[in-house]
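The data blocks that follow each hold one structure.
What follows is subunit A paired twice: with subunit B in the first complex and subunit C in the second.
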Partner chain A sequence: MTTTVPTPPATPLPPLRGADWLLAHDPRLRLLAAGLFALVVVSLNQLSSSGAALALALGLTVAARLDARALARRLLALTGFLLIMLLTLPFTTPGTSWFTLGSLSASTAGRDLALLILCKATAVMLTLTILVGTLDPLAFAQALGRLGVPHRLTQLLLLTIRQIHLIDAESIRLRQALRARAFVPRTDWQTWRTYGWLIGMLLVRSFARAERLLEAMRCRGFRGRFYRLDTPTWRTADSLAALGWLLLLGGLLWFDQHADVQALGAML
Partner chain B sequence: MTPMIAPLLELQRVSFDYHGQRVLHELDFQVYPGERVALIGANGAGKTTLLHLLVGLKRPSAGQIIAFGRVRMCEADFYDVRARVGLLFQDADDQLFCPTALEDVAFGPLNLGRSPQQARADALATLETLGLREFAERVTYRLSAGEKRLVALATVLAMRPEVLLLDEPTTGLDDATAARLTAYLATLEQTMLLVSHDGPFLAQLATRAVRLAGGTVAH
Partner chain C sequence: MAHIPEGVLSAPVLSAGALITTALLTVALRRLDDVALPRAAVLASALFVASLISVPLGPTSVHLLLNGLMGLLLGWTAVPAIVVALALQAAFFGFGGPLVLGVNALNLALPALMCAGGVRLVRPYLRPAHWPIVGFSAGVLGVMLTGVLVAATLAASGEPFRPAAQVLLLTYPPLALVEGLITATIIGFLQRVAPDMLALGQMRHD
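Here is the complex of A and B:
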C-alpha cells in the first residue's frame, strides 16, 4: 500500500545549470528573448542569414557554459529527426541535379532547403535550451504567470512537470513487478494485454496521485495562485540585454532582406 | 473528557461512502485541546478518510463537521481550518512538489500571506529544528523515504498549526529516525491526532486511543 519500496532514482534528464550571468537575468527576459528569437528565425528565408542565426546561437551556447554532455543528451532527440529529413530532402525536392545515386537524383534546391532547415532548427533549439531550459519549473511557471499567461495553464504546466517524474517512477516500479513474475515481452496476445493493463494502471495511478497532490496543496492554503520566495525584479541590466538582443534580431532580419544571392553562392 | 471544555474538532453522526460503499457510519468523534489522540484500526478501517474529512478534503454524506466552534460545510469554510490544522499525508511523495526542500517548506507560509522574507525565515527555522538544515537546497525527489517524511512534516509545521493530524508518520522510517521523530513530537505542545500501527510510538505520545472498526468508534 504505502511506498516503502525504494523509489528508483528516475531522473530522465538532470537539470541544466547555466552560467551565472544567465541566471542573473530575469526569467521573463529569457522567455521573451527565446520566443522572439524563434519567431525571427522562422521568418528567415536566406541560408546566409540562417547561418548567422546559428552562429549567434552557438555563441550563446559557448557563453552559457552548459555541461556539454547534458546539452548533447537534450539535443539528441531533435537531431535524430533532423538527420532523417536531411538525408531524404535532396532526393524528394525537384530541381537541378546535384548528384545521382543509382536511379535517385539529388537536387541542389533540396540540399539548400535541408541546410536552411538544419540551421534554423538547431539555432532555435539551442537558444530555447539555453534561455528557457535552464529555468527551474517553478521559475518558469512564475515567469509565464507574470507575463500574463492564465494561472490555470501555469498550474497545469507545473504539475505536469512534477507528474512526469512520478509517472516514470511508477512505470519503472510496475515493470519491475512484471519482471519479478517472469514476464518476457513477446509478440503474442498475452503480451499486448499485459501492456494494456500496464498503461491503464499507470493512468489510473497517476490520476489518483495528481488528485492527492492537489489535496495536499489545498491543505497548505493553496487557492490557485503561486507565491515564490524570490520574485526576480527587472533590472537595468535586463533592459540593456533586451536592447542588445533586439538590435541583433533586427540585424538578422535586415541581413535576410539584403543578403546578396551571388555572395551566397560564392560562400557555398 | 471534561464536558466544560469545547472540542477543537468534532464529527457529529458523520457517515461517508465511497461509491455506495459505506466507510464511516454515524460516527461521533471529538478532539479536545491539548490531547494527543491515537487513532487505530485495521487497514481500510477509514482512518485516513477521517483525517481528510476533518480538513474538508472529503465531504460527509451525512452528519456535521465542527471545527473551532463553527459548523463547516463548504470549501471556503475550511480555508481557515486548514491554516490551523496541519495534515501530514500518508505518502510524502504526495506532499512534496517543489524543486527544493526550502521552497516546499515555504509554500504554506507564503500561501498564508506571510512575506517572502518571513516565509524564508520560518522555513529555515523549521528545517533547523528538525535537523534538516543541510537539506534546504536539495531537490526533494532525490531524498530518501525518511528524509522525505521529515521534510513533509516540516512543510506542515512551518505553517504553525494548532492541531497536527499525522497519518502513519513512522511508517517506512528506520528505528533511529522514528525515535528521533517521536522525541521531537513529544516536545511539541500542539494537539495531535495520531494514526499509527507503531505501538512504541503511540505508547510514548498518545494520551488516549480511539479504535475504528465497522465504520464507527469501537469500545
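Here is the complex of A and C:
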C-alpha cells in the first residue's frame, strides 16, 4: 500500500497528492490518527488549546505539501455554515459586552465561542483532508474494512467508489450532449425538467449497469465476500508516528486543562 | 448546507446521532443480501453523481440532496447508501467529519425512510397519473425534513445556537421547491421508461 496508485485524470473523487513521508504510512494509522484527533479536538473547552490544535493542523498542512487550490476549495465548503455561526453567536450568547451595533449587543463570550468553533472545525477538516483525503479511495475503503467496519458496508463502499467513476463519466457525456444542443442552465422550469430527465436517464442506465455487475459478480463466484487485494504492512515507523501523535494529542488535552484564561485574555 | 461541520454540536447530540444511525444501519444491512448489493451500490453512486450537478437558482446555485428520491427508489437501503456517500464526502470533499457523520447521516436518512414509508402507505390507492405528485412531495419533504432536523440538532446543542438554526432553516424552502420539481420530473420519466424501478424500494419492505 506504500506505492501511490495512478488514478485517471478526471474523477469525482480525486485523492490529493501528499508528501512522500505521509504516503509511506499505513492507511489504518492515518484513519485512526484523523479519528482520534477529531475526538480530542471536539472535546477541547479552551480557545487557547483549540488555537493550538489549529496551529498543529496548519503545521501538518505545510509539512504535507498539499495543492493549495484543492485545499482552498475544501475550506470554502466550510464557509457557509461557519459564517452563520460567526455572525449570530456573538449576539446570542450572554456575557460582558464586546461592542454594540444599534440595539444589538455582542458579547466577548459569544465571540470566543464562535472562534472556538471556527478553530475546531477548520483543524478537524484540515487533518482529515491531509491524513485521509490523500488516500486512494479504494485504499480508504479497504482500511476501514480492516478496522472493523462491517464487511457488507465495506463492500457497498468499494462498489460505490468504482461505480461513481463510471457513472460520473456517463453524466459528463450526457451533459456534453446537452451543451452540444445549446443547453444553458438557468433558473427556469425548462432547466429543472432537463435536469430531471438527465438524472432519470442516469438512473435508468445505472439500473442496467447493476444487472451486468450482478452477473459479473456471479461469474466470479461471489458469495458474500471479496478477496482483499491489499497487503498492508504495519512497520516500526508507523508505531513511532502513532506514539508521537498520541503524545501531541495528550499535550493538547493537558494544555486544555491547564490553559491560563487570564494570560489568554492578555494575549488577545 | 445539510452537512454540519465538526466541532459545533454538543457531545450528547453527537452520541445520540451516532447511536441511532448505527441502529438503523444494522437493520438496513441485514436486509441487504448478495443479489441486492450491486443494485444498491449502483443506485447510490448514481444519486451521488446526481448530487454533484450544480443547479442554478437565482444568483447562486444549489446541489440536490435527493434523499426523498433515495427513499422512494431504495427503501431501507437508502440508509447505508447515505452513510457511504457522506463518508466519501467527509474524506474527499471536506464536508462534515468523522464524529458528526452519525448526525449528518441521520438528518438525511430519517426523511428518506419517511418518504419510503409514506409511499408504501398510499401505494394501493395510487393511479399512474399520481406518481409525479408523489415525486414532488418526496422531493419537498426530503429537503424540508432534513432542514428541520439540521436546525433541531443545532438548537439542541445549546441556547445560543437557536437563531443560527432559524437562519439556516430559511435557506431550505427554495431548494425544497427545486428538488420537488426535479424529483417529479425524474419519477415521471422513470414511470414511462423503466416502471420496474419504481417498485424497487418496496421489495425490501415486503
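Convention: the second predicted complex is superposed on the first by the 184 of 268 C-alpha atoms of A that agree within 3 Å, B and C clash if a C-alpha of one lies under 4 Å from a C-alpha of the other, contacts with A are read in each partner's own complex, and residues count from 1 in each chain.
Going forward, contacts are C-beta pairs under 8 Å (C-beta built on N, C-alpha and C of every residue); 3 or more make two chains touch, one makes a residue touch a chain.
Fair warning: this is a prediction, and the values are worked out from it, not measured in the lab.
J.: Identify the partner contact of A:Arg65: answer first if only subunit B is touched, second if only subunit C is, both if each is, neither if none is.
T.: Neither: A:Arg65 stays clear of subunit B and subunit C.
J.: Just subunit B (first), just subunit C (second), both, or neither: which does A:Thr231 touch?
T.: After superposing on A, A:Thr231 lies in contact with subunit B but is clear of subunit C.
J.: Tell me which partner A:Pro137 touches in the superposition: subunit B (first), subunit C (second), both or neither.
T.: both
J.: By the touch definition at the top of the document, which applies to A:Gly196: first (subunit B), second (subunit C), both, or neither?
T.: The answer is second: A:Gly196 touches subunit C but not subunit B.
J.: Examine A:Arg223 and indicate which partner it touches, taking first as subunit B and second as subunit C; both and neither are also allowed.
T.: So A:Arg223 meets both subunit B and subunit C here.
J.: Of subunit B and subunit C, which one touches more of subunit A's residues?
T.: Larger number of subunit A residues touched: C.
J.: For A:Arg17, select first, second, both or neither according to whether it touches subunit B, subunit C, the two together, or no partner.
T.: neither
J.: Answer with first, second, both or neither: which of subunit B and subunit C does A:Arg146 touch in the superposed model?
T.: neither
J.: One more residue to check, A:Arg209. First (subunit B), second (subunit C), both or neither?
T.: Both partners, subunit B and subunit C.
J.: Could you list which residues of subunit A make contact with subunit B in one structure and with subunit C in the other?
T.: In subunit A, residues 15, 137, 159, 166, 209, 213, 217, 222-223 are touched by subunit B and also by subunit C.
J.: Quick check: in the complex, which residue numbers of subunit C touch subunit A?
T.: The contact residues of subunit C facing subunit A are 1, 3-8, 11, 14, 25, 29, 32, 34-35, 37-50, 52-53, 55-58, 64, 66, 73, 80-81, 83-85, 87-88, 90-95, 97-99, 159-164, 167-168, 178, 181-186, 188-190, 193-194, 196-197.
J.: Touching residues of subunit A toward subunit C in the complex: what are they?
T.: 12-15, 34-35, 38-39, 41-43, 73-75, 77-78, 80-82, 84-85, 88-89, 91-93, 110, 113, 116-117, 119-121, 123-125, 128-129, 132-133, 135, 137, 140, 144, 150, 152-153, 155-157, 159-161, 163-164, 166-168, 170-171, 175, 185-187, 189, 191-193, 195-204, 206-207, 209-210, 213-214, 217, 222-224
J.: Can you list the subunit A residues touching subunit B in their complex?
T.: 1-4, 6-7, 9, 11, 15, 136-138, 158-159, 162, 165-166, 209, 212-213, 215-223, 227-231
J.: Note which residues of subunit B are touching subunit A in the complex, please.
T.: 43, 52, 55, 57, 79, 82-83, 86-87, 89-91, 93-95, 97-99, 102-103, 106-108, 110-112, 116, 119-120, 123, 139, 141-142, 144-145, 155-156, 159, 168, 171-172
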